[in-house]
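Note that subunit A is present in both complexes that follow, paired respectively with subunit B and with subunit C.
Then we have the complex of A and B:
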């Protein structure tokens, strides 16, 4: 990719996305943590968190993120998704202690959300930089 | 001629399958739906039946759903070229 200075991108985009960035983060975690009260949950909130990577790419299309490390984090959380239910749900711990059921649901939603966010982020960035040099998508 | 024949085949197979399944449709018994809607809060502690089903009743379904994402990313890692591959290809073509 040609050396791209951040200020080459549209100022309007930079300002608006910079303004929206914390709200997107907040909204994603809101959807994830309210998964047991309202429609939504880990997968949906994870998709919203993944839009953070897309927004960053739109403003600053430089391939400086380590997608290997993101993939490792994603696999780590996937292991948690597989291990936590096997240890807590399938052994009957969750049904034996009713007080901890909401905590279990919240932890599972959070783990699924982070896994989906990093997974979709890796996918989007890999496709975005697939063409490689100098062919980034610009608004 | 051939596209018409394949279209005819497609439509006839569709009609055949629809008539077969329509004839054998059993009356839908909603006991599972009733059970879940009545007991999900006591069983799982969730305030939302969808969360109760996703994270408790059908947890194994969610686990393998999460695995699908990993499979997709592993496929992308396998088949999409890396930056180093692209640059090596460019050099090989130009030099």
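Then we have the complex of A and C:
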């Protein structure tokens, strides 16, 4: 059995989270993509995806993820949330082609899901690696 | 009927979480309460809310609490039996768990909201003292337990003081 480093979590937690990791990813995207037909949607699926960041921190607490870049991705998707409805909904594209309405809803769910996942992930990582002195982040 | 049962169970788990001595256990009780809340939302025909409650309450928040708990210092107590811990059996562990000294030490740490994990070690005292993983080593003898530590921290000084104040305490304190 491998020797545990003091900062690492117990082997049980490591194995269980490692086992569940792909299923959590799959389930998050399942909830996002089927959000228009079944309960769930962008926010709920995004929360499950954000759980992945926390799970990774619990097992492997190393600050090697660039939270500034994650924040940029999050802001990009926030812009997309505003831009896509303006381009597709308010110009009447969606109401003119009703056959493509499920596709539009799916895209919106996906964008909201990724936005929520990265937003909560950035919040959690900054909480986790916040050392308190001399560090500030632009909002 | 099911709703009432779920509500009562949620109350029970909330009380358990408040009165639990171990923080890790309290976190799991909170996750259970959240999961029951998700079932309750499902019974009240709010499946969207149920999924959100299950994903956030028992997924994200539970892991967040676990991550916060990593920041908390955990004291490891090693317990050695009378004959150097050669026989490590369930009956011995039950006996040691009931002993007054171990309950005193646990109560001491619980009163200060420190997390404690107890390890029963089948090793001799010398190897246990050489191991840095144990903050406090308890060895059982005829009168109770002897506590060995080289930890100079404030909490250990307080524990030593407590042992000295209680004259007839079942715990004696040795620094090495």
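As a convention for this text, the second predicted complex is superposed on the first by the 122 of 139 C-alpha atoms of A that agree within 3 Å, B and C clash if a C-alpha of one lies under 4 Å from a C-alpha of the other, contacts with A are read in each partner's own complex, and residues count from 1 in each chain.
We take it that contacts are C-beta pairs under 8 Å (C-beta built on N, C-alpha and C of every residue); 3 or more make two chains touch, one makes a residue touch a chain.
Note that the structure is a prediction, hence the values are computed from the model and not measured.
Note on subunit A: of its two partners subunit C and subunit B, the one contacting more of its residues is B. Using the contact criterion defined above for the overlaid structures, shared-chain residue A:50 touches subunit C, although it does not reach subunit B. Contacts of A:41 after superposition: both subunit B and subunit C are touched.
Across the two superposed structures, the residue set of subunit A contacted by subunit B and also by subunit C is 39, 41, 43, 120, 127. Contact residues on subunit A toward subunit B in their complex (touch as defined above): 35-39, 41, 43, 63, 71, 74-75, 78, 81-82, 85, 89-90, 94-95, 98, 101-102, 104-105, 108-109, 112, 115-116, 119-120, 122-123, 126-127, 129-130, 132-133. By the touch criterion given at the top, residues 47-48, 50-52, 55-56, 59-60, 63-64, 66-67, 70, 133 of subunit C touch subunit A in their complex.
Considering their complex, residues 6, 9, 31, 39-41, 43-45, 47-48, 50-51, 54-55, 57-58, 61, 120, 124, 127-128 of subunit A touch subunit C.
Residues 43-48, 50-51, 54-56, 59-60, 62-63, 65-67, 69-70, 72-73, 76-77, 80-81, 83, 86-87, 90 of subunit B are the ones that touch subunit A when the two sit in their complex.
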